[in-house]
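The same chain A turns up in both complexes below, where it pairs with chain B and then with chain C.
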Partner chain A sequence: MSPTKNDPAIEKFDIQFSFREKLNSVAEGFRHNYCYQCGACVADCPANNYDEHFNPRLIMLKAILGFEEELLGADSEIWNCTNCYTCSERCPQDVRPIDVIIALKNLSVLQGNAPPIVGNIYNSVLQTGTTTKSSSLVDRRRKELGLSPLGSYPIDEIQKILKVD
Partner chain B sequence: MMDVGRHPNVELMSFSEVESVSGFVGNFHVTVRKKARYVDPSECTACGECEKVCPVAVPDEYQQGFSSRKAIYLPFPQAVPSSYVLDMENCLGNNPIACGKCADVCEKECINYDDQDELVNFEVGVIIAATGMDVYDPTEYDEYGYTRFDNVITSMEFERLICAGGPTGGHFIRPSDHESPKSIGFIQCVGSRSKDGRGNPYCSNICCMNTVKDTLLLCDHYPGVEAKVFYMDIRAFGKGFEDLYIRSKEEGVKYIRGIPGDVVEDSQTKNLVLNVENTTTGKIEKHELDLLVLSQGVIPRRDGAQIKQLLTLSSTSDGFVMESHPKLKPVDAPTKGVYIAGCVESPKDVKDSVTQASAAAARASILLNAGKTKIEAITSNVDIEKCNYCDVCSKVCPYNAILSADKKTNKPPTIIEAACAGCGACAAECPQDAISMRHFTDEQIMAQVDALLSVDPHKHLIVFACNWCSYAGGDMAGTSRLQYPTTCKLIRTMCSGRVDEKFVLQAFRLGAPMVLVSGCHFSDCHYINAVHWTQKRMDRLWNKLDRLGIRADRLQLEWISAAEGQKFAKVMRDMEEKLKQVTEEEIEYTMKKLEEEAKKEEEKKAKKAVKRAKVTQDQEVNA
Partner chain C sequence: MKYIPFFGCMMTTKYPQFEAAVRKSVSHVGMELVDVEGFTCCPDPIYFQARDKIEWYTIAARNISLAEDLGHDIITTCSGCTATLSEVNLVLKEDESLRKEVNDRLKEIGREFKGSINVRHAITVLRDDIGVDKVAQSVKYPLNDLKVAVHYGCHLLKPSRVMRVDDPDRPQILDALIKATGAVPVHHDLTLLCCGKACMDDSIPDRMVMDILDTIQEKGVECMGLICPTCFDSFDVKQLILERKYNKSYSIPIIYYFQLLGLAQGYKPQEVGLHLHKIKPDPILKGLELVA
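Entry: the complex of A and B
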C-alpha cells in the first residue's frame, strides 16, 4: 500500500505505539491489533456513505499508529459511527471495528473529551431510561399504528446499575 | 496419467476406494473396493455409441454443472482407462423393460447391468497418500450473491468457461445471456485468510496466481476486455510469479486494493454493481461489471477424516494432514512407511505438488530398495505375567501398534515393534503396570524424581516436559537468554502421554509443592494424539487429588511448543508465584495422605496376590 496525501501517516508523524497498550486495556480494544487493512469494513459503511471522512479502516490504522489526539479529541470522527455493526459482519479478521470504536468512545469519555451531546444522552438514560425523550408525536404515531403506549422504565434500577463507585 | 496407466510397474486402480489398511511398515495389508463400472474396461473402445442413445441427461460434474452428460459417460476426455462408466443411480437400465438401449447398441457387448463391486486384497511395503483437496463453497459469503446472481461465478467455473474443452468450446460467455462479457471482476481471498467464522484462517496459496493467470488468458484471447482484481494482498512469491503479475499489470488489468461490500444486480442488464474502498486512495469506488469471479480458496478434502483414520494420520488445526517434522521430514507421515504428497498436506500449486510427490517417491524407494528398516530403540514391551487382558493399551496406542488382547482365547496384547513409535502412552495407562518401555523406564523416571526431591523438596517445582515441544521450548528459552526461576527441575519424557499417575503422586509424596506436566499443543502432538491421553489422565489426577483433600491446582498442565521460549519462561515464572503460595502444612498433609494411600494400595495388592496364589493352588490340586 503506498501512502497518499489523505493518509494520516503522511499528514502527521506523531506515531505513538504506547497508545496501543492504553487501548488494549479497554474492553474489546485489543481487537484493533488484528487489522490487516483490507478495507472490507468501508464499502458498506452507511456513515462513510454520508461522510467520507468517517472511515473505519483509517480509524483502525490511526489506533495502530497511536494518533491519540485525533481519535479521542472532542471533534473526533468516531462519534459519527452509527453502531450498525455492518463492519463487524464484513471484517474477515474478527477485528469488529465497531467494538474498537466503542472502546475508543469509552476512552474518550474517561478522558472527559466526549462531545457535550454524549452527556445529554447519558443524563437522558439516567432520568428516563431512554436515549431519546419520548414526545407526544411518538404516542400519537403509536396510537395510529395500534400499538400500546410506551410504559415507564424502572428508573431506580437503571440508576443503580449505572451508578459508578 | 496416461503414462502411469501404461507403465509396466504401475497398477492404476481408478474408480476405487481403499476400504481398510492394516499392518505396519513393509507389511501393509490393503483392501480396495473396485467400484462397479457396469462397463468392462478391457473391452470398451470408447466408441461413444452408447452415449448417443442414452435417454438420461444429468448435470456434468466435470463441467461444474454448465453442461449435461448422459447416465453412461466418459468422466473426462483424458480419463484412464479410456472406458465408459455407467452411473447406476441415474440409469434406467436396472429395469431392462424400461431401457437397455446402450446394451443394445454396444457392439463389444461389454455393458453388464449386474456388475458388482469387487474387493481386492494385496500387500504393499509403503503407502503414499496423495488424496488432494476440495474447493471452498462461497455460498456463505452472501454479500457477493453467488447463489442469487447468474453472473457471479467461482474461479473453478471460470476455468471451465474459458477452457477449449469446456461446455462452450472455449468461447468465453457469461451465464445470464450467453454474451461475451466486456468487464470482469475478480474478488480475492473468498474463504481464505478469514478469522470471523466464515471460510478459513489460512492463505490458500494458489488463488492469487490463478487469478493473475486468468486475467492474462482474458487479455490474450479477448483484447480490450476490462479486468479488475479486488485484493488485499497479491502473494506472488514463487519463481516467475512476480514477472507474471507485472505482465498482467502491463496488459492493463486493474489491481484495486480493497475488499468490496454488497454486490447488487441490475435487474435489467444482469450486470453487477459493487462498492469498494480503494485503500491506496482512501476513496470509495463504484464498479459495474458484466461478470464477477470469486477466487475461492482451497479446503481439505471433505471425506479426509476417512483417509486419516485408515492410515492413522493426524491433522493440523486447519484440517490438512500433518507431516512428521515440518522441516526435516516434510513428506513423511507420523506413521512409519506412510508418505504424503500434494494438497493433502497443504494447499499448493502443481510445481510444489510434483516436487513433493517426487520427494515422497524417493523416500519410499529408499525403504523399498533397502528391504529393511531401522527403528528407534524406544519401544514398549508387555509383561504377560502381569497383564490381565484389559485391552486398554491397544485402545490408547495412537499408531494401532498393539494387537488387541482377548481374555477368552487367552491371547495377550502383542506389540508390533516396527509400528511402535515409543510415546509411552500405553505404559502410562496400563492399570497393571504390565507395560515397560525400553529407555525412559519407570525406574529411571522415578529415580529422577527421587533424586531431585532428595534435598529441600519443598523448594522444587517438578516439571515433566515432552522431548519434542516443551523440553525444546526450555532450550529455546535458554538460547534466547530468557530469565526464569531456578526452582524448576525438568524431567524429560518422550511424550507428555508417558507421564504416569504414579510419577506425579511420587513427586507429591516426596514433598514437592508443585508439579507441572507440559506437552505439545493438541494440534501438533508428535505422537498423533497421545496428548489427548495426557489431558484425560490429568483430569483423573485432579479428581483424585480433590478426593484426597489435596489442592488440585498444585498439579498444573501447560501446552508449550518448541518455538515458545517466551511462554516457557513465563509459565515457569507463574509457577514460581504459585509455588510460593503452597504452605508447609499443605505439603505435610499431602505427604502423609499419599503415604497412607500407597500403604492401602500395597495391602490391596498383597491380598490380591494371596488370592491369586490360592486360586492357582486350587486349580493345581483339582488337576
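Entry: the complex of A and C
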C-alpha cells in the first residue's frame, strides 16, 4: 500500500522541513519520526471508526511532511482525538501517536488556534485552582452525604509556578 | 493501610455522592484515608495538557509532592486524575532533566517532587493490597444476580506502559470486583469503547454513546457499572440529551463501582447518593428489595 494513497493532496505537497524544528520544540514532538506508516494505529482508533476523516496514520504522515496549516489551523482534525491511547498500545514503533497529537495541540495553542475550552480550563485552574465551581447547592449536598465542606485552594502557589506574566 | 485520597474537581463538586461512596465503602475493607490539604485540579489531562505540557507536569508534581510529605500512596477515584497523576509521577521519576525543570519551578513555593510514592486508582488497591476475597467478605447484602454492563473507560488501563494495571484488551479487574458484590458483570461488543468525551465534534461521542447504550438495552442488562465521573457524565445526563436530540428512549441507570459496593455492604441508596442520578435506579433497587 502506498503511504500516500488515501490523500491525493499529499502527493502534490512539497516537504516543509522547517516544521520539524517547530514540532521538535514541544515535548514529545519528535516521535512521529519513527513512524513507518504501517497503519496499525488506525483499525481500533475510535475517532477513526466514527469519522473516517480522522486518521492517526495520516496525521503522523502530515506531521512528517509539514502540513502545518492543516494540522494547526482552527478546524484541525487533531481536536477530534478522544485521548483513548489505543494507538499507543498498537504501534509497533513506539510512536505513541496520541502524544504527537498532544504536541501538535501544544503548537496550535502557541499559534492561538486552539478551541476556547483549552483557555477556559487553563484560566479556571489559574484563577481558582479547580475546573468546577462550588455553590451553596454543592455545600448542602456534601453535608447531606456526610462529607466535610470544601477547603480553599492555594491560588497564590499555582500562580507562582505557572509563571504568569 | 493508609492512603491519601485524591478526589479531584468533578467528584468533590458535581458528583459528591461518589466521594461519599468511596469514603464509606473502603472503611469496611481496612483502608484508612488520610486527607491532605491544598490539592488543586490534577490538572485536567485533556485540555490542560493540550495547553502546555511542562505546566501540566508542574501542577501535577505539586499535588504529588504534598502526598510525598506524608509518605503514603495516592489513590485516585476518577480516571482523569488517574491519567494525569500516574503519567506525571512515572515520567518525572524516569526523566531526570524534566524532573529538574519541574523542580526549579516548584522551588519558588518551597516544594520538590521526589518520586517517592505511587499513584493508583482505588480499585487497583482493592485488588492488589486488600484482595478481592476481603472485599467480598465485607458484603452483607449481596446484589444477587443484578446484571451490570461493565464499562472500563480508557485511563484506568491505557497507556499500559504507564498504568500497569491490567491487560487493556482483556481486562479482568472490574469484573472481579463487581462479582465480589454478588452482581454479575456483563460484557458486550463495545465494553472497551471510549466514551468520547474529549472529541470536539459532538456527533462522534453522541454516536459512540448511543451505540453502547443500544447494545446494553438489546442485551437486557439492568444497569452499567463504571469507575470514572467523566464517563458517568457521558452516560447518565447524556441519556436525556440523546433522547431530545435523536428521539431515543433510554433508562439505563449508571452506577459508580463504590456505590455498588456500598449498597452490598448495607448502605441505603440515599447514603451513597443514588437519588442524585438523572436516570433513577429505582427498578433495580426494587429488584434487590432496597427501598429507593
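One rule holds for everything that comes next: the second predicted complex is superposed on the first by the 110 of 165 C-alpha atoms of A that agree within 3 Å, B and C clash if a C-alpha of one lies under 4 Å from a C-alpha of the other, contacts with A are read in each partner's own complex, and residues count from 1 in each chain.
Here is the rule we use: contacts are C-beta pairs under 8 Å (C-beta built on N, C-alpha and C of every residue); 3 or more make two chains touch, one makes a residue touch a chain.
Quantities reported herein were computed from a predicted structural model and do not represent experimental measurements.
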item: Touched partner set for A:30, first chain B, second chain C, both or neither; value: neither
item: First (chain B), second (chain C), both or neither touched by A:115; value: second
item: Touched partner set for A:162, first chain B, second chain C, both or neither; value: second
item: Partner chain(s) touched by A:91 [first = chain B, second = chain C, both, neither]; value: first
item: Touching partner for A:133 - first (chain B), second (chain C), both, neither; value: second
item: Partner with the higher number of touched chain A residues, chain C or chain B; value: C
item: Residues of chain A at both interfaces, chain B in one complex, chain C in the other; value: 86
item: Of chain B, residues touching chain A in the complex; value: 143, 189, 193-199, 232-233, 257-262, 274-284
item: Residue ranges of chain C touching chain A (in the complex, touch as defined); value: 9-10, 12-14, 16-17, 19-20, 23-24, 37-38, 40-41, 43-55, 58-59, 62, 105-106, 108-109, 154-155, 158-161, 168-169, 193-194, 196-201, 203-205, 207-208, 271, 273, 276
item: For the chain A and chain B complex, residues of the former touching the latter; value: 1-2, 4, 6-7, 34, 36-40, 42-44, 48, 52, 55, 57-58, 86, 90-94
item: Residue numbers on chain A that touch chain C, as the complex places them; value: 26-28, 46-47, 50-51, 79-86, 88-89, 96, 98, 102-103, 105-106, 109, 114-115, 117-122, 124-125, 129-135, 138, 141-142, 145-147, 150-151, 153-154, 157-158, 160-163
